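Consider the two complexes below, in which chain A is the common component and chain B and chain C are the respective partners.
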Partner chain A sequence: MEVVVSPPTDKDILDLGVMAAEQETCLPVKVCYGHILTLAKNVDCLFVPRLISCQKDTYICPKFMGLPDMIKHSGYNLPQLITPTLNARERRNSWPHSLVRAARELGFSRRMAEAAWYQARQELSLYRKKLQQGHTPLDILFSRCQPDVASDHNLLLLGHPYNIFDEFVNMNLINQLYRRGYRVITPEMLPPRLIEQKAAKLPKHLFWSLGRLLVGTASHYLEEGSVSGIIHVVSFGCGPDSLVGELLERRAKKVSQMPFLLLTLDEHTGEGGLITRVEAFLDMIEWRHVS
Partner chain B sequence: MRAYLGIDLGSVSTNFIVLSQNGEVLANIYLRTQGNPIQAVKKGLLRTKSELPSNITISGVGTTGSGRQLAGIMVGADIVKNEITAHGIAAANEVPGVRTVLEIGGQDSKIIILRDGMVIDFAMNTVCAAGTGSFLDRQAERLGLPIEQFGQLAMRSQNPVRIAGRCAVFAESDMIHKQQLGHSMEDIARGLCQALVRNYLNNVAKGKDIFPPVLFQGGVAANVGMKQAFEEALQMEVWVPTQHAVMGALGAAVLARRKTTDSAKSNFRGFKVSDWNFDVKGKQCHGCSNCCEVVEIQGEGQTLARWGDRCGRWSEQIPMQTA
Partner chain C sequence: MKVTFPHMGYLYVPVRSLLNSLGVEVIVPPAISQETITLGTRYAPEFACLPLKVNIGNFLEAKELGADTILMAGGVGPCRFGYYSQVQREILSDLGIDLDMIILEPPQGQWRLLLRGLKRLTAKASPLAVYRAGALAWAKLKALDFMAKEMHPIQAREAVRGRTMRAWKEMVERIDDADNTKAVQEATQQGLALLRKIPLQTAKDTLKVGLVGEIYTILEPAVNLDIERSLGEMGVEVIRSVYLSDWVVTNLVLHTLHLRDDTEHYRLAAPYLNHFVGGHGLESISSTIEYARAGIDGVVHVAPLTCMPEIVAKSILPQVSMDEDIPVLTLMLDEHSAEAGIKTRLEAFCELLQARRNRQQTCHKRNCDVPAQCREGFTFEGISRN
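Moving on to the complex of A and B:
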């Protein structure tokens, strides 16, 4: 059996997604529709898991939970869908359990499925180690490296992975920052356990897993003071981030006097507006360094 | 005498300022861009030249605004800066100690927060353009008023009507409704100013600490009704600088002066550029599925710059002049 992965987002994928998806959904869901429809033409079977939770006592964004249903009822002629429910909120082994069952439905033996799961885990942990050495996923995928710049030129880039690592959607943000002479730090570079520790200090349990990732990472770097500024990338209309973003912004600006920039993305975002904001933000940081 | 030229090529207006070495304004031009930025730059250069005494040499040029790259390529800029930084620099230059800058231009509005002469925070309107110059222009036209009189009219009102300012389209229908109920023009004009200020404070200035001194700049600052509405809402005095409409150009000129004091030679191509033939060619690149629209700028038959490609395949063939 051959596994086909959709190509990096491009104009066609975005246009396809914007046309097909519900008007009210956020940009990442529209992009996801675009990828699914692009794949659908060339495959016999589509893997669209119902992602509910990646870790105990947390939820991933609710749009992921509804994704298989949204796709099923989109009215497009789609190949067979495989939609295992992945929910680690209550049961730790929900992921391997559901994935192995999905593999068995496709005709694989339990042994083969479990071996694949085991191998995937190993690959993932190798990949995470590389991330924690200070590489972004794009550096690893395209064998690039962070610019060699002064140690005080670090920016913390916060956002959901599908926004900050999709170069089409964010108009090459990471490269723009590299070109201006900044190293980019993302939540993936910290050990998850450390992020958890910091996020656990919130007065109330934050149950959005991506929100925990952002808050925990921001707390760490605000305490350490090893970054010159924070850029938070959000999708227009993101519910969880509207609260998490406010929390981050208040902490950064009011408690730590840390330069903070909120960048909102949607399909209408023009490159001009994004560049203007990023340039002004970097000017602001450099102005501080001078005086 | 050495002087510095600042150009702000905006969506609605194109402004030129010439500053002397000690900060005196030698020329000040405000033009409508009218959808033709190249023509606006050429016309502006011609008018600037005619306003300058003959003993002036331009020793540095800065450009800003949404068309800053185009203007920079055309005239040969020493520095190309975004409009947020340029406005912040101009405000700090004009009123040392300024802590808040409210700026409303033709199609965007921004707030800049400064402390001790340094920009520490800023925001720009995102999805909504209610309250910007273009919207006010349109409403004045609809009421049959010259935009210059709009503010004065609003000032005469004793009982402003409440207009929904959340969205430009709904603000317009609400205004029509109020007109049909028989409210006077001045009450509607003042109500609209208040609605736009509310919209600005809720959207652009959301969560910012607004401390005095407050400067109000950009084209809309000429509207005394808007100034009064800001003062009422903020409960503090709001200053409109004399050069309010050309603050971006002023900031660009100040930046050019800073940039070129040490380096001797400016990149300025000279005022002769106003006679040059500029040509803009757009073409779609078919190198990948992104199908970027690449723009090529030619001056006197020579390719000066290309941009618009995501990967740099076209733009990197010609070194771009940027800051």
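Moving on to the complex of A and C:
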């Protein structure tokens, strides 16, 4: 089967998404609409999974849960949609089940589908290993390296993967930090078990998968103190992050007085404004070091 | 222990009754005003949804009156409401305000926490008293819901504007004052009699509008800028999709016991939304379909700005509106919403509905097919951000 992947986000994709999606939705949903509509013209089948949960007792977010339906009823002519429900909320191994079922509906044998799943999983674990060695996904894709800098030049970059690793959406934030001589640490670089352990310390079970990732990572580095600052990237109107971000910011202030920058992205964010804020934040961190 | 709790429509009547009969001292926060909202907005996270902000306002105002404990509900996601209590506790403690919290929520394997909360509330009461307290509060809640349902058609047809609202206020007071289930029944009968006495306009063919959306914005008049009253006083009969007693049964009792059954909603919504999305997102879709098939003229969909489940619903409603031939008006509410703006939109919407109905009737009288432009559903948006 030939697989077509949408090109990296650009202005056209974003504009398409902004036009097609409900105006209240957050930036990532609009970007996703843009990608889907870009693909729709050149494919026979679209893979838009219904992502419910990546781990036990959590959800991603309601918009992910409704995404295939939102797309289907957006009034555009779309090819056939493949929308397996991916839900690890109750059963741990339900992901392969639904993916294999989706493959069988497309006419593949169970054996082929399962073999494909195992291969994909192996690739994934290789990729994860690389991430945990301290590479960002972009480093791996473009085979580049984190800058070689002093160990006190680490920044913790928090945010959902679709925001912090999309260079168009975040206006090349990671590169900008590299250029200023900072190593970037993201939640993907910590072992999931450690993150889970830290997130479990919250007084109430946090039921958003990505929220747990952020809280777990942040508490680890706040305790350890091995980063000079935290940058939290959120999309305007992101539901979970409006609360999780608040908890993080309050904790950063209380626990260790760690510098904390909240960057809110939407389709109107200008590069100039973003750069100015990041530079001011980095200047502040450097002045702290001097004094 | 002086217990307070957040406002949500007339929820304060049964909750006050429940806590009072359990021998717990209750401080009901002052009714939600613009100051409450401003106060809450000042301390709550900027992008949190409106109910969280208003809750904070309630707590701070109740603290002024001497409350020292908050009774709050919770949830297990994915709607943000489930995590309100945690964020609110952080906000209050950072403000240096010492308020204890009792959180009642479906336990995720932590029955002990729920039981501990319940124990604190029922410490002073015998099991029989607990049962009686529950029965009385439940009776009051059912009575209020029943009255609200009875009131809507009368309000749309009243001859003198405002009579029904006055009667409603009196009924709420009477039910609030009742101190046993029998008295509640009597108050309900008296209330019904009051409603029946209201002079009606003769032979008025009223528009019917369904109210769907997120529960807090539907139930709290101070937050939805009195949508129900505005519509009623425009001579429009409101059909509300959510009543508090239904919500208590499905979300608090059945959900906790894993007996929740939403098959009817799921079945109706399935062609459009094939999975639950938290909050009342799915119910907004299914109720709209239900209303369309029942021949109701239009649907008003309300939600707080950035409400995740309702954004999913809002993305799908235009298609439902077209397929099912029912106009839908979505109102996203936040702390900047103003009554005049909402009222203008509602009036415009109702005028369109009236025009649509007239056209359909003329076509019907002339015994011809309804032309395409009459059948078209239309959707237009009302948002409070300008």
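In this section, the second predicted complex is superposed on the first by the 291 of 291 C-alpha atoms of A that agree within 3 Å, B and C clash if a C-alpha of one lies under 4 Å from a C-alpha of the other, contacts with A are read in each partner's own complex, and residues count from 1 in each chain.
We take it that a residue touches a chain if its C-beta (ideal position, glycine included) is under 8 Å from a C-beta of that chain, and two chains touch if they have at least 3 such contacts.
Note that this is a predicted model, so its numbers are computed, not measured.
**Student:** Overlaying on chain A: chain B and chain C, fit or clash?
**Tutor:** They fit: once the shared chain is superposed, the two partners occupy separate space.
**Student:** May I ask you to decide whether A:G107 touches chain B, chain C, both, or neither, giving the answer as first, second, both or neither?
**Tutor:** Touch partners of A:G107: none, neither chain B nor chain C.
**Student:** In the overlay, answer first, second, both or neither for which of chain B and chain C A:R288 touches.
**Tutor:** In the superposition, A:R288 touches chain B alone.
**Student:** After the superposition on A, what does A:G225 contact: first (chain B), second (chain C), both or neither?
**Tutor:** neither
**Student:** For A:P203, decide between first (touching chain B), second (touching chain C), both and neither.
**Tutor:** The second partner, chain C, only.
**Student:** To the nearest 10 degrees, give me the chain B-chain A-chain C angle using C-alpha centres.
**Tutor:** 80
**Student:** One more residue to check, A:E24. First (chain B), second (chain C), both or neither?
**Tutor:** Touch partner of A:E24: chain C, not chain B.
**Student:** Tell me which partner touches more residues of chain A in the superposed arrangement, chain B or chain C.
**Tutor:** The larger set of chain A residues in touch belongs to C.
**Student:** Thinking of the overlay built on chain A, is A:F236 touched by chain B (first), by chain C (second), by both, or by neither?
**Tutor:** It touches chain B and chain C both.
**Student:** Report, in whole Å, the shortest distance between any C-alpha atom of chain B and any C-alpha atom of chain C after the two complexes are superposed.
**Tutor:** 5
**Student:** Quick check on the output: what are the common chain A residues between the chain B footprint and the chain C footprint?
**Tutor:** The overlap between the chain B and chain C interfaces on chain A comprises residues 236, 246, 264.
**Student:** Touching chain A in the complex: which residues of chain B?
**Tutor:** Going through chain B, the ones touching chain A are 66, 81-85, 88, 117-122, 124, 126-127, 207, 288-291, 310.
**Student:** Over in the complex, which chain A residues touch chain B? Could you list them?
**Tutor:** 10-12, 168, 171-172, 236, 246, 249, 253, 257, 259-260, 264, 266, 268, 272-273, 275-277, 279-281, 283-284, 287-288, 291
**Student:** Mind listing the chain A positions that touch chain C in their complex?
**Tutor:** Within the complex, chain A touches chain C at residues 21-25, 50, 52, 57-63, 65-66, 68-70, 73-75, 85, 202-208, 234, 236-243, 245-247, 250, 254, 264.
**Student:** Chain A touches which residues of chain C in the complex?
**Tutor:** 45-49, 52, 74, 76-80, 82-87, 90-91, 94, 108, 272-279, 281, 305-309, 311-312, 314-316, 318-320, 332, 381, 383
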